[in-house]
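The structures considered in this document are given below.
After this come two complexes, each holding chain A, first together with chain B and then together with chain C.
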Partner chain A sequence: MLRFAGTILSNGKARIGAAILGLFLLIGIFAPLLSPYDPNANDFAGGEGASAAHWLGTTAAGEDVLSQLLHGAQVSLLVGLVAGGLSTVVAVLIGLSWGYLRGFTAEAINFVVNLFLVIPGLPLMIVLAAYLQGGGLIMIIAVVVITGWAWGARVLRSQTQSLRSRDFVTAAVFSGERPSRIVFREILPNMLSLIVGSFFGAATAAILAESGLSYLGLGDTSTISWGTMLFWAQNSNALLTGQWALLFAPGLCIALLATSLTLINFGVDGISNPRLREGKDAR
Partner chain B sequence: MHAVEDVSFTLRRGEFVGLVGESGSGKSTLGFAITRLSKPPAAITAGRILFDGTDVASIEDEPLRRQRQGGFAMVLQSGMNALNPVRRIRDHFGDIFAAHGHVPADRRDERMRELVGKVKLDPSVLDRYPGELSGGMRQRVSIALALSLEPQLMVFDEPTTALDVLVQHAVMETIRELQRDVGFTAILISHDLGTVLESAERVLVMHEGRIVEDGPSRRVLEAPEDEYTRMLLSHYADPRAEVVSLPGMEEAAVRRARGTTRAQDAVAEPTVGTRQRRAERAVVAEGLTMTYPPRRRGEEPIRAVQDVSFTLEPGGSLALVGASGSGKSTIAKMLTGVERPTSGTVRFGDLDIGRLKRRELRTLHRDVQMVFQDPYAALNPLHTVEYTLTRPVENFTGLTGSAVRRRVLELLETVGLNPVEQFAAKLPHQLSGGQRQRVVIARALASDPQVIIADEPVSMLDVSLRAGVLALLEDLRERWGVSLLYITHDLLSARLITDRILVLNQGRVVERGATDEVLRAPGDEYTVRLLDAVPDPRRAGMV
Partner chain C sequence: MLCALRKLGLFALTLWAAVTINFFLPRLMPGDPADAALARLAQNGPVTDATRAAIEAQLGLPTGNLWDQYVSYLQQVVTLDFGVSFTYYPQSVSELVADALPYTLILVGLVTVIAFIGGTLLGVLAAWKRGTWLDALPTIGGSFASAFPYFWTALLLLFFLGYVLRWFPSSGAYSVTSDPGLNWQFIGDAAYHAALPAVTILVTSLGGWILGMRNTMISTLGDDYVTFAEANGLRKRTVALRYAARNAILPNLTSFGLALGGVVGGSLLVEQVFGYPGVGYLLFNAVINQDYPLMQAMFLMITVSVLVANFLVDILYGVLDPRTRR
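Take a look at the complex of A and B:
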C-alpha cells in the first residue's frame, strides 16, 4: 500500500491532487473543532453578509455558513470513498468474471450490464432516490452504487479479455491453478492501475451525484452537506439577495474535491508496471 | 548508458554491408543513428556520421524531410505493420509522391507498378488493403515504399525476422537482387550471422556496443579474427550433415551410438534423485483432424490439421516441424486439451484427451506440461520466480511448508539458475531471455510430468543462448525420463535433440521417420525447402 502511495505521488499533478484531498480530509475529520459554531444552530440573524463573527455570512434560516461548509466536507468525503469503493468492488467482481468466463454465464452478465448502461443514469438516480425517500446517506450511497458500476465493469472486462489470452495465463492453467485464483492473482494485479483509476473516477462521480441529488432535494434535506447547502441557498434565492458566498463556497468545494481526485488519477499508471516503478526510483 | 561506443567505419557507395549482433549489442541503435531516427533520450554524445560529406546530426528538420528522397531510407522489422489498414496500397505510394513531388503526376501510376514489380508483386496489390495481404507481401510493399524515394542508402533493420521461415528466405532473395540491380548502398542489420553472410559482401560484427570484426564475408567466414565471431559461427551447422554438433551439444543419435548418455558424462548429480518416476505412458494420436469454420460466409472451412497420426513413446522425443500455418501449434493445443479435435482421437495412456472435462484437464496437466515460445510473455511480470514455481508444486505434488521451498530451489538448480536463492527472489524483467526460458522450463518440470511439449522454445532467443536451452531439454529427457514433443521450424535444433521427426505441410504429414535419416535424405520437396531455409554461413561462399 505504501509502495502504491509512493508511485502515485511521484507524479507532480497527483501530488497537487493529493494535497487538496488531504486538506479536505483534515477539514472533514476536525470539522467539530474547526467550525466556530454548531452547524445546526439557527439562532443568528438570517441572511447576513460576511462579517467578523460570520466569515461567510449566515443562511436565510440563520445558520453559520462556514460551520456548515466545514461539516459538509464529511458527507462528501464519506459518500465519495464509500460509494466509489463499493461500486469499484462490484465492477471488479463482475468485470473480471465476465471477462474470464465464456459461454452462457458471460452472455447473461452481458445482458445485465448492457441494461444498466443503456438506462440513462440521472433519471434512474432520481427515480430511485424518490422511491427510497428518507433513507438518508445510506440511500444515496446505494443509489450511486447501483447506477455507477456498469461502466467500470465494461472497461475491466475488456482488459481481462486481452490479458486472458496471454501466455502467462495459459501457463497458470498448466500450473493447476483454479479459475478464481487465475482471475484474482494472475490477472487482477496486472490491471491494478486501471482499478485504482476507476476507483478515483467512481469516487468523483459519487461526490458529484450526491451533490446533485441533494441539490435537487432528493436526499435528506436536514443533513448538512454541500449539496443541501446549495438546495437551501437556491430555495432562499441567495443570489437575488446578494449572498453569492452561499452558492459559491459549496460549489467551489465540490469542484475542488472532484478536481483533486482527477489529478490523483494522473499518477496511477505506474502501479501495475514494476519497470515503470523502477525507472522512477532510479531518477 | 552507452549503447554504442567508439564505432568507426566507412561505407563505399553501392556496398552491401551486414551489421550483426545479438540483442543489446547496439546494432539497431546504430542503424537509427545513421538514418537520424533516434528518439530522445537517445543522443549522440561523441563522434560524427557523415553522409556524402554532411554531418547527419546537424541537418535541420525540413531539409532532413526533403532529403528522405534521394538520401537514406530505412525498412523496419515491423515495417509490414506500419501500413495504414484503412488505406489501399496505392494511397501509400500516392502520399509519398505527393510529399516529395519527385514523380510527375501523369507518371505516378506507371511508377507504382514498376516499384511493386521490383519487389516481385503483382500490380493488382495496389488496389488492395494491407489486411488483404500476407505478412511477406506487406514487408515487400514496405520495401517498395522505401525504394520509391530512390534512396542512395537503405538500412534494413531485421527485415525478415517477423516472417515465416520460407517467406524469410524469399524476401531476402528479393533484397539481394534489388541491391544488385538498383545499386543502392545497403546496410542489413540482423541477429543472424548466417543470413548476413549469405547476402552481404562485407560484415561488421557488434558486441556490447563495439565493432569487434570488420571484413569481407568470405574472410570472416573462413578466418574470423575475433573470439566472439568465432563463437557465433560455431553455433551454425548444416542439419543435412553426417554428424551434427554445436558447442556443448552433440547429436542424440551419435551419443547413443557411443553408448554414453550425458548423465553418465556428468557423473550422477544430486538432482537426478528428485525424479520420482519415469514416463510410463505413451501419447498416441490417431487420425487427428481440426477444422475451423470459415472466416467469411461462402469460403471454405479452414483445415488446420488433417488426419495426423503418431505415437510418442514413453521417454522418446519427437519433432513436429513445418512453416507457420502447418498446423503444428494446433496439434499442441489438442494434446494439452486446450482445443478439442474435430475428429480423430489423442490419448495419453488410457486418458482420451479430446473428451476430458474441464476438471479432469487438471489431472492431465500433472503429467503433460508445456514450454512456451515467448519467454517474455509466459511469465507474469508481477510475480517473483519463487511464486511462479511454488504454485505448480503446491497444486500438483502435495508438498507443504518448507518442503515446497526446497523443491523450488531444487528446480532452479536443475535448470542451472545458480545461485538459486538469488534467482528465486527475482522478477521476470530482471532476467535475460535465456534465464526466463529456464524458469519456464523449471515451471513445466514442477509437477514432475511425464511429457513436455516445447513449442518453439528457442526461436525468440539469441543464437548463443539457444544451445544452452536445447542442451537442458535434452538433458532432462535423458536424466528424468520425460518424453519430449518438440515443435519447431528450425531443422537444425530438431536434428540435435530428437530421435523421430514428423514434417507437416498445411496440416498434413508429408514425411516421417528417424530424424537423422529424414534430414540427411529428405524425400519430400517441402522438407528440402525447409532445409534450404536454415541459414548457413557456409553457403556464403557460393554467392
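Take a look at the complex of A and C:
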C-alpha cells in the first residue's frame, strides 16, 4: 500500500494534486476554527466588496463570503467521498461480475450499462432532482450514484475480461473455488489501481454534479455549498453589482478541487500503464 | 451487412428502452406528478379532455391500467403530441421544443465537432513532443480547464466580457431589432450572440479530447509498427499522423460518442447562464415551474438526440476500422 502511494507520488502532477487535496481536506476539517464568522450569520451589511473585516465581501443577504467558502469545502468533500465511493462500489460489483460472466447474462448487463452510458447524465439528474425536490444532500448523492456508476463498470469489466484467461484464475477454477471468491478475492486485488482510478474519476464527477445541481437551485438551497453560493450570487444579481469575489471564489474552489483529483489520477494511471509513468524510471 | 443490421437492431432496442425509462420515471416518483400537473394547468383555465388524456398518458395516474397508459404514451411519442405546457400556456410542448431545438443543435453540434478536431490535433502534438512545453501546456491547461464547472466558466465570461467590458451581449440569441430568417444580418447577429456560450463549451470540453488523444497516442507510439516506420526513414509528420494518430484515434472516437452526453448536459447549464433560448434554458424553466409534461418531453428529446449521435459515430467507427465490420 505504501509502495502504491509512492508510485503515485513519484509523478510530479500527482504530487501537486495531492497537495491541493490535502489543503482542502484541512480546510474542510478545520472550517469552524478557520472561518472568521458564523457562515449563517446574516447581520452584516449586504452586498459589500472586499474589506479588512470581510476579506471576500458579504453576500446580498449579509453573510460573510469567506466563512461560507471555507464551510462549503465540507459539502464538496463529503459528496465527492460518499457519492464517489458508492459509485465505485456499484461499478466494482457490476463491472467484475459482468467481466467474469459469459453468455446471455453478460449480454443483458452489457445492454443496461451501455444504456446508462449514453443517456445524458445531467438532464437525467435534473429530471430526478425535479421530482425529488426537498431531498437535500442525500437526494443529490443518490442521484449522482444512479447516473455515475456506468463508466467505472465498463473500465473494470474490460480489465476483468483480460485477467479471466490468466493462469492463476484457471488454477483457482480447478481447485474448486466459488465464482464469487474468484472474482472478488483473486481478480479484484490485481486491479486495485484501476479501482482507485475510477474512484477519483467518480469523485470528480460527483463534485461537479453536486455543484451544477446546487447552482440550479435543485438541492437544498439553505445548505452552504459552493454551488448554492453561486446560486444565491446569481439570484441576487452579483453580476450587476460587480461583486467579482463572490462569483470568482466558489467556482475556483470547485475547479481546484476537481483538478486536484484529476492530477492524482495521472499518478494512478502510471501504476496500471507504465508507459504513462514519468521521471527517471520512465525512459 | 449483417453487422449493420445488428447495429440497427441494437439502436432500435436502445431507443425503445430510453422511451420506456421516460415512461416509468414519473410513475416511480413519490407524490403524484400527474395530479400536480393537472392542478397547475387548471389555474390557466378549463382543461380540455384531450389535454387531460395527454398528461395522464405521459405522467401516469394512481388508478388506471398501466398497459393502456403505456400504449397511449407510445402513440404520443410517435405522433410527437405531448399536450400543452402550462408555463407557456397555451403553446403546445411540441411547438416549444421545435423552437428551442435548432439553437442547441447548431451551437452544441458545431462547437463539439470543432473541439474534437482541435483537441485531437493538440493531443497528437502533445504526445509527439512529449516532455517539452508543447506537451506540458496543453496537458496541464487542459486538465485544469476541463475541471472548470461549465456554469462557472460561463459566469466568468459573462461577467468580464458581457458586463464589465460590454464586448458581447449578455443574454438572448439575437437582438430585438433583427429579423429572424435566412439573411446575413440575422446570421451574423445570431453568431455574435452565440459567441460566449460557444467559447464556454469549447474551453471546458477541449481538455478532455487533448488528454484522451495524448494518452492513447503515447501507447501507440510505443508499438512496433511505429518504430518500424521511423526506421524506414519516413518523414516525422507522416509517422505521427498516418501511422500513430490514425490508430490512436479509434478509442477516442468511442469516447466522443459517450462524452457527447456530458457536453449536452454542460451546455444546458451554459444556456441557463446566458439566457440562451435553447433546450437547456427551456428545460430549466420547465423544472422550476414544475411543468412536468414539458420536462418529460424535453428529457426524451435530449436523450434521443444523443442516442442518434452515438449511432452515427458507431457507423463512422465501422468505416474507419475495418476490423469491426466482421
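To be clear about the criterion, the second predicted complex is superposed on the first by the 262 of 283 C-alpha atoms of A that agree within 3 Å, B and C clash if a C-alpha of one lies under 4 Å from a C-alpha of the other, contacts with A are read in each partner's own complex, and residues count from 1 in each chain.
Methods note: contacts are C-beta pairs under 8 Å (C-beta built on N, C-alpha and C of every residue); 3 or more make two chains touch, one makes a residue touch a chain.
Since the structure is predicted, the reported quantities are computational estimates derived from the model, not experimental observations.
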Q: Name the chain, either chain B or chain C, that contacts more residues of chain A.
A: C
(Q) For A:E177 in the superposed arrangement: first (chain B), second (chain C), both or neither? (A) first
Q: Could you say whether A:F30 touches chain B, chain C, both of them, or neither, answering first, second, both or neither?
A: neither
**Q.** Contacts of A:G212 with chain B and chain C, given as first, second, both or neither
**A.** second
(Q) Applying the document's definition of touch, where does A:A258 land relative to chain B and chain C: first, second, both, or neither? (A) second
Q.
Between chain B and chain C, whom does A:P120 touch in the aligned arrangement: first, second, both, or neither?
A. second
Q: For A:R166, decide between first (touching chain B), second (touching chain C), both and neither.
A: first
Q) Is there a shared patch on chain A that both chain B and chain C touch, and which residues make it up? A) 273, 275
Q: Please name which positions on chain B make contact with chain A in the complex.
A: 336, 338, 361-362, 365-366, 369-370, 372-374, 377-383, 388, 391-392, 395-396, 427, 429, 440, 443-444, 446-447
Q.
Which stretch or stretches of chain C touch chain A in the complex?
A. 10, 13-14, 17-18, 21, 25-26, 29-31, 33, 140, 143-144, 146-152, 155-156, 158-159, 162-164, 215, 218-219, 222, 257-258, 260-262, 264-266, 268-269, 272-273, 283-284, 287-288, 290, 292, 295-296, 298-299, 302-303, 306-307, 310
**Q.** Sites on chain A touched by chain B in the complex
**A.** 166-168, 170-177, 186, 189-190, 272-275
**Q.** Interface residues, chain A side, partner chain C - complex
**A.** 13, 111, 114-115, 117-132, 151, 204, 208, 211-212, 215-218, 230, 234, 239-240, 242, 244, 247-248, 250-252, 254-256, 258-259, 262-263, 266, 269, 273, 275-276
